[in-house]
Amino acid sequence: MLTLSSDFGSPYPAAMKGVALQSTDARLVDVAHDFPRQDVRAAAFWLREVLPYFPPAVHLVVVDPGVGTDRAAVVLRAGKHAIVAPDNGVAVPAARALDEDVEVFEIEVEDPASSTFHGRDVFAPAAADVHERGVERFHEYAGYEPTSDHETVSFPTPDFEGDAVVGEVLVVDGFGNAITNVPGRVLDDRFGGDVVVNGQPAPVERTYANVDAGQRLVTVGSHGNVELAANRGRGDDAFGVATRSRVALEW
Amino acid sequence: MLTLSSDFGSPYPAAMKGVALQSTDARLVDVAHDFPRQDVRAAAFWLREVLPYFPPAVHLVVVDPGVGTDRAAVVLRAGKHAIVAPDNGVAVPAARALDEDVEVFEIEVEDPASSTFHGRDVFAPAAADVHERGVERFHEYAGYEPTSDHETVSFPTPDFEGDAVVGEVLVVDGFGNAITNVPGRVLDDRFGGDVVVNGQPAPVERTYANVDAGQRLVTVGSHGNVELAANRGRGDDAFGVATRSRVALEW
Amino acid sequence: MLTLSSDFGSPYPAAMKGVALQSTDARLVDVAHDFPRQDVRAAAFWLREVLPYFPPAVHLVVVDPGVGTDRAAVVLRAGKHAIVAPDNGVAVPAARALDEDVEVFEIEVEDPASSTFHGRDVFAPAAADVHERGVERFHEYAGYEPTSDHETVSFPTPDFEGDAVVGEVLVVDGFGNAITNVPGRVLDDRFGGDVVVNGQPAPVERTYANVDAGQRLVTVGSHGNVELAANRGRGDDAFGVATRSRVALEW
């Protein structure tokens, strides 16, 4: 199984699929091709949330603002999974969520056909190759060099200060839910009550439908983080926040 | 074969696919993940139009404004097809289009991992389970209880009044075609002529290209309903209508 | 393998897939369903760029502003590939890129179920049929007539005038890169320098990251054409161009 993730929109992912299918019969599964453009941190968040739900697979990930520079291409091996990605850290949180032990291999890249579409010319062939050789054995072949020198992405840590915590919005999903970096456990005893968000009170509820249509709420999303939402509406608009906005919660 | 439909956008459907692939090797086919958000009636319309074109399959459908409430999860069996969906009626018109006899089973749901993402935690595992056990036999296993008490969705009926019919727009497709609830047969003898739409005349044509680019027309869409369209343009803009707009046709 | 391309958006492509799967077990791969609406030339460009990366396949292409008129339906055979499409030229550049010898067959079409959705009622069944009969042999069966009378699409040729070339924007991709009809070789000796675009100088660079975030650049895209871009921004906005805009390059 080979999954594909990128910020490419359309139709570029199809070229990656065509290239991969030249050398593998693997099942292809799209994770997403509409990650926020060149936002490595947002992609890292989504990959960490989604990839662990897959059975063993090779995951092709291309969110690559440094395409054409000398940033390396890597394979991250995590348990029975492998992630093929640019060495900008985008795949590291997902790899760590898949397995506590992550091994990193640098891919030896020959001059690619283009300097702007490594997804097609570098990463898709490499992902197909790792799939065909096998996640357990690909590194025994030429072209893969173990390395401990690689980039990573860290999510910011919220600040706890007495009866408050200050975090930020990591991503806004397509529904408009603003997903923060604040762990959901801060709301453990507060469901059915209120919390003050950036100075204004809002109800804390387990499900959207517990408030009226259009009303805002604070909840814990499926990712386990505090989420600013609105029932049948957009949480980002209702709370006036966007990606990277500061979110102060007080009680 | 397992089809997937939702209003989830991206990347949430990928988590459903990952979960399903943990327990089935079925072919996965996306129907759509961009149904109008939480619009159960619109999704019900599209599913009724699309699912009958598929060979026997299990269809996973998640348009679920009541997620986290006590609404049930159901399997609708219709001939050699099964639809796994929330019990809000979204799948009923499609099931009836697939087979005149529809049996409904309530799914026994254990506490899911999340209260906001039942697509991943409840419906995807159930759909994979129905697929693996088989549409003919899944209900012989624990966890599926026949029921006659379930929700449904009805499309509004147009009002016929002498030389006029008053209906409404059910959905607007991506081209901007406004699809009404008026049966296409009202136009049977009128092709090549005119009909009055909300007080203004418009030509009745079998194909878009029969009018000049940018010009509006009334036609019968592939779904068999009266459709307000524009050649190489948007019918909703040309007629000033949107989903749920009133549409009066006179001749 | 069966690829699918259209300007249908969603959920119409799913009906085509359902119909195809009634008669083939082929792997289905989406190329794109968001080609600019009814822009035959833009679709022709993208298909030429993407289809050659695929292994032998049948390609279903439906960008069809003339649906319901008497335009023919054709199969273009190019090497081990076949493209099933309306006879409006949309698939001709891709076919020629796949193989220098292209044979064209007209599909005998019985009265379809609808006059507005030939993708579902004509092209999908035909593509599945070509796949099942085989690219090498489908034409030996009834319903496929060799023809030399078919439409084509030509891309405009840029005008070279001394130290200048005047072309136009063929398509704008999802990143906002404006892809012109000017061959990349005109920039061969100019990387690291400047070129004058519509009267204003801009740097010529091999990769986006060679200029600061938000800055514009001229580059050669993965398709080999001159492209107007911006690092981590939209080239179309930065250069004030759109599809079919005139682009004059001087040095």
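Every chain is named by a letter (A, B and C) in the order it is written, and numbering of its residues begins at 1.
Operating definition for what follows: contacts are C-beta pairs under 8 Å (C-beta built on N, C-alpha and C of every residue); 3 or more make two chains touch, one makes a residue touch a chain.
As the structure is a prediction and not an experimental result, all values here were calculated from the model.
Trainee: How would you label the subunit A and subunit B contact, same or different, if same means the shared numbers make up over half of all numbers there?
Mentor: different
Trainee: Can you tell me the C-alpha superposition angle of subunit B onto subunit C, nearest 5°?
Mentor: So the angle, rounded to a multiple of 5, is 120 degrees.
Trainee: How many angstrom lie between the centres of subunit A and subunit B, each centre taken as the mean Cα position?
Mentor: Comparing mean C-alpha positions, subunit B is 31 Å from subunit A.
Trainee: Got the subunit C residues that touch at least 2 other chains?
Mentor: Correct list: empty.
Trainee: In the complex formed with subunit A, which residues of subunit C make contact?
Mentor: Per the touch definition, subunit C meets subunit A at residues 1, 3, 5, 29-35, 46, 49-55, 173-175, 206-210, 219-222, 227, 232.
Trainee: Please give the residue numbers of subunit C that touch subunit B in the complex, ascending.
Mentor: 8-12, 14-15, 17-19, 21-22, 28, 37-38, 65-69, 113-117, 120-121
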